[in-house]
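Next up: the structures, one after another.
Two complexes, one shared chain (chain A), two partners (chain B, chain C).
Moving on to the complex of A and B:
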C-alpha cells in the first residue's frame, strides 16, 4: 500500500512542528525518516496515524484517507512506550489479540523468544530495551501491510537491534510498506531504500539512499597558493557546501563530482581528489553540519 | 551460493553497486559457476541485512549486463550461455574500475601521464614477467 503525505503542516499556536512536508512512499518501500531531535518526525507519524490532526495538507493511503479498515492493516511502534505499567507481556499480547483480527499468536510467541522476553514479567519491571522489544513483538505479530516505526531499536542491545532490522527486511520482502525513524543512521542505511531528512519541520533532503550516495561527494582540491579562484562555485546548484582552508578547497556536491573535479583542475588545482560520502555525512550536511567544533572552541 | 559477499553499508559506495561488483568478481574468479543458483532476493537481503529493493535492483542490473538470468518462479542463476564471455567481461569491468581509481589517485597526487605510464610498465613487468 502506498502512502502520500501532501503538504502536511501541523501548527501548535504560531509554531509549525511540521511545515509543508510532502513525502511519497511507494508500496513495498522502507522509508527512513531522519532528523535531529525536535525536527518533527514523531508529529509527522502522529498525523499519519490520525492521532494528531494536521493543520493543513493530507495523508493518503493508496490515494484514500485513513479509514478504520486501513487502520486494521497498520502497526505502530511509538517512540515512547504505549504499554501499561501494571500489565504483563502476556496480558499485552492477549489484549492485542482481542483488538486485532490479524494478530498471529504463534508468531508472537516466536518473537517473544527471539527477544528473550519473559511472558509474565510486568512492564513496570522491564528495562527500556525490553519495553521496546515488547512493542516490536506486538507490531510484527500483526503481519501488517503498513508499519510506522518510531525509533524501533532504542535501548536494544546490538544483537536485538539486528533482529529488528531483519524483521523489517523480512516484512518488506513480503510487500509491507514501512516508514521508520532512527537516530542510528547505520541502521537506516541498511534497511531503508528511500530517506528524507527533516530539519525544523521542513524536508531538507530526500531521495533513494543509493542515488544520494552515488551523487554526494567531497571534491578536495589543493592549489599552489591560498588565493583560490572560488568565483561562481556558490552559484552552482550541484554544490551544497564550500570550505576553504589555506591552499585546500573542499566542495561538497550532490551530483556532478567528476565534472566539478575537472573544472577545479582547469582552474589550476595541483591535486584533485573525490571522496565518497556515507549517509551520516549526507545527513549532517543536510541539517547544517557538525557544529561541535565551534562549541568546543568557545568553551 | 557460498557466502562470498561482504557489504560495507557505511561506505559511500551504494550498496547495490557493491553487490553487483562482488557478484561479477565471483563469476570472474569462478567462485560462482555458470548455471549456479543465486539466493532469492529475500534471502540475500536477510543474509546481508540490507533492503530487499536494493538487492532486487542489483539483480536487475546484473540481468541487464547478462551476468545472471532469472527464470520466473525458479529463481536467479549465473548465466550458462556465453558465460565465459560474461565472466571475462565481468573481470574486465572489475579490473577497469580498479585501474581507473589507481590512475585517478596517481593524478591527484601530482604525477604526470608519462610518470603514470612508467609505473604501469613496472607493474606489468612484475605480474607478466613471461611477456617481457
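Moving on to the complex of A and C:
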C-alpha cells in the first residue's frame, strides 16, 4: 500500500509545525523520516493518522482518504507510550486480539519472548524500554500492511534495538510499507530505502538513500591562512552546506564534488580531498547541525 | 470488541462495588447477630411449651387466630393474634423473664413498643410481619447511591483516553463516534448492574430479618426511572464536562460534585431574599441548576429547588418531570461529549 502526502501543512496559530510537506512513499518501501527535535515528524505522523487535522493538504493511502477501515491494515508505534498504566502486557495483547482480525497470537507470544517481556507485568511497573518493546510487539503482532513507527527503538538496549531493526527489515521484505522516524540514524541507514529530512516543518532533503549517498560528498580544503575566499559558494546549487574551522573549509555537495574540488584548488587551497558521506553526514548537512565549526552559509 | 479497555475499567469498578456491598452485607449480618432478638413468634412458642402454661386458641370471625396463654407459675399472661402475615403479641411478664435488655426496638417489620414497668412487671406489645412488603421502586431508589459511586468512577471516559492514550484509542478500525458510544454503552451497563447488585444485597440483608415480599407500589415506574436515570445522567454530565480535558477527568469530577451540590443549594438559600445582589445570585443559581442532574434527584437536603419541578403539581407529575429532565440531560450531555470528542486532537 503506497502513501502519498501532498502539500501537508499543520498550523497552530501562526506557527507552522508542518509546512507544505509532500512525500511519496511507494508500496513495500521503508521510508525514514528524519529531523531534529521539533522538526515536525510526530505532527506529520499524527496528521497522517487523522489524530490531528491538517490545516491544508492531503494524505492518501493507495489513492484513498484515511478511513477507520484503513486501521485494519495499519499499525502505529507512537513516540511516547500510549499504553494503559493499569493494564498488564497480556491485557494489551488481548485488547489487540479482540479488535484486529489480523492479530497473530503466536507471533505476539514469540515477540514477547524475544523482548523478554513478562505477560502479567503491569505497564506501570515497566521501564521505558519495556514499554517501547511492548508497543513494538502490539504493532508487529498485527502483521500490518502499513507501519508508522515513531522512534520505535527509544529506550531499548542495543540488542533489542537490533531486534527491532531486523523486524522492520523482515516486515518490509514481506511487503509492508514502513515509515520510520528515529534519532538512530545508523539504523535508518540500514533499514530505509528512502528518506526525507524535516527541518522547521519543511522538507530539507528527500530521496533514495543510495542516490543521496552516491552524489553527496564533502570537499575538504586546507588553506594557508584562515582568510579563506568563500565568495559565491552559497550560490552554487550543488552545494548544500559550507563551514569553516580555522584554515579548513568543508563544503558539502549533493553532486559535482570533483568540479568543486578543482575550483577550491584554483582558489589557493593547499590540499583538497573528497570524502564520502554517510547518512548522518547528509542529515547534519541538511539541518545545519554541526555546531563544532563556524557555519558560514547553508543552502 | 473495541471497547475492551472500557470493559476492563467496568470490571474494576465492579470489584469496588463487590467490596462495598460485601461490607454492607457483613454489617447487616453483624447487626442481626448483635441485636439478640428472639423472633416474637418463637418466643411465644417457647412460652407455650411451659408445662404450667394454659393455652386457649380460637379462630376469630375474620380468620385471625387468637391464642391466650396464662402461666400462673411464672406469672405470665400473653395474647397473640395471627392475621395472615401479621403477628400481634401482647405479653405481661416479670421484668426478669425477658432475655433481651432492649426495652424499645424497631427494625424493618419488627417493632416492640409501649413497654411499662410497674411493680417488677413489664407490658410488652410486639407487632411484626412474617414477610415484609418491599416496594420495588423504593428499593431501586436506595440503589441510587451505588449508581452515583460507579458513575463517578467511570465518568469522564473520553478524557481518560485523552490522557495519553489517543494513539491506541484512535488507531482502531472504528470511527471516533463508534468508540465513544460503545464506551458509554459499557459504562451504562456497569452502572445499571451495580444498582441491581445493590438491590440483591439489600434483599439479602432484609432476609436476615424477615422474608421480603416485593410489591409494585404506585409510581413504581417513575421511581425506577429516577433511580436509573439519576446516576446515568450524572455519568453523562461528567463526560460532557470533561471530554476535551487532556489530563484526565479527576478535577472535573471533583468540581462536578461541588457544582452539583452547591448550585441547587445556593438557589435554595437565596430564594425569597429581596436584596438585589442575593436575588441576582438566586436567579443565576436557579437557571444553572436546570442543567445539574442532582437538582432533579433532590440529593441535597433542601430538596428540589427548580421551579419547573416544584410547581409541576402532584408527586407523580413532579417525578415525571424529573425523569423527563434527567433523560433529556443524559442525551444532551452525551451528545456534547461526542461532539467534543470528534474535534479533539492528539
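Structural remarks
Here is the rule we use: the second predicted complex is superposed on the first by the 261 of 299 C-alpha atoms of A that agree within 3 Å, B and C clash if a C-alpha of one lies under 4 Å from a C-alpha of the other, contacts with A are read in each partner's own complex, and residues count from 1 in each chain.
By definition in this document, a contact is a pair of C-beta atoms (placed from the backbone, for glycine too) under 8 Å apart; a residue touches a chain by one contact, two chains touch by 3 or more.
In this text the structure is predicted, and so the values were computed from the model without any measurement.
When the two structures are aligned on the shared chain, A:273 is found in touch with chain B, with no touch to chain C. After overlaying the two complexes on the shared chain, residue contacts for A:189 are found with chain B alone; chain C is out of touch.
Of the two partner chains placed around the shared chain by superposition, chain B is the only one that A:162 touches, whereas chain C remains out of contact. When the two complexes are overlaid, the chain among chain B and chain C that reaches more residues of chain A is B.
Of the two partner chains placed by superposition, A:7 touches none, neither chain B nor chain C. When the two complexes are overlaid on their common chain A, residue A:241 makes contact with neither chain B nor chain C.
Shared contact residues on chain A (touching chain B in one structure, chain C in the other): none found.
On the chain B side of its complex with chain A, the touching residues are 9-17, 41-42, 45-46, 49-54, 57, 104-105, 107-110. Within the complex formed with chain B, the residues of chain A that make contact are 28-30, 162, 165-166, 169-170, 172-174, 186, 189-193, 209-211, 213-214, 216-217, 270-281.
Put simply, chain A touches chain C in their complex at residues 46, 49-53, 68-72, 74-76, 78, 80-84, 86-87, 91, 94-95, 98-100.
Every residue of chain C that touches chain A in the complex is listed here, in rising order: 1-2, 4-5, 8, 12, 164-168, 170-175, 178, 345-346.
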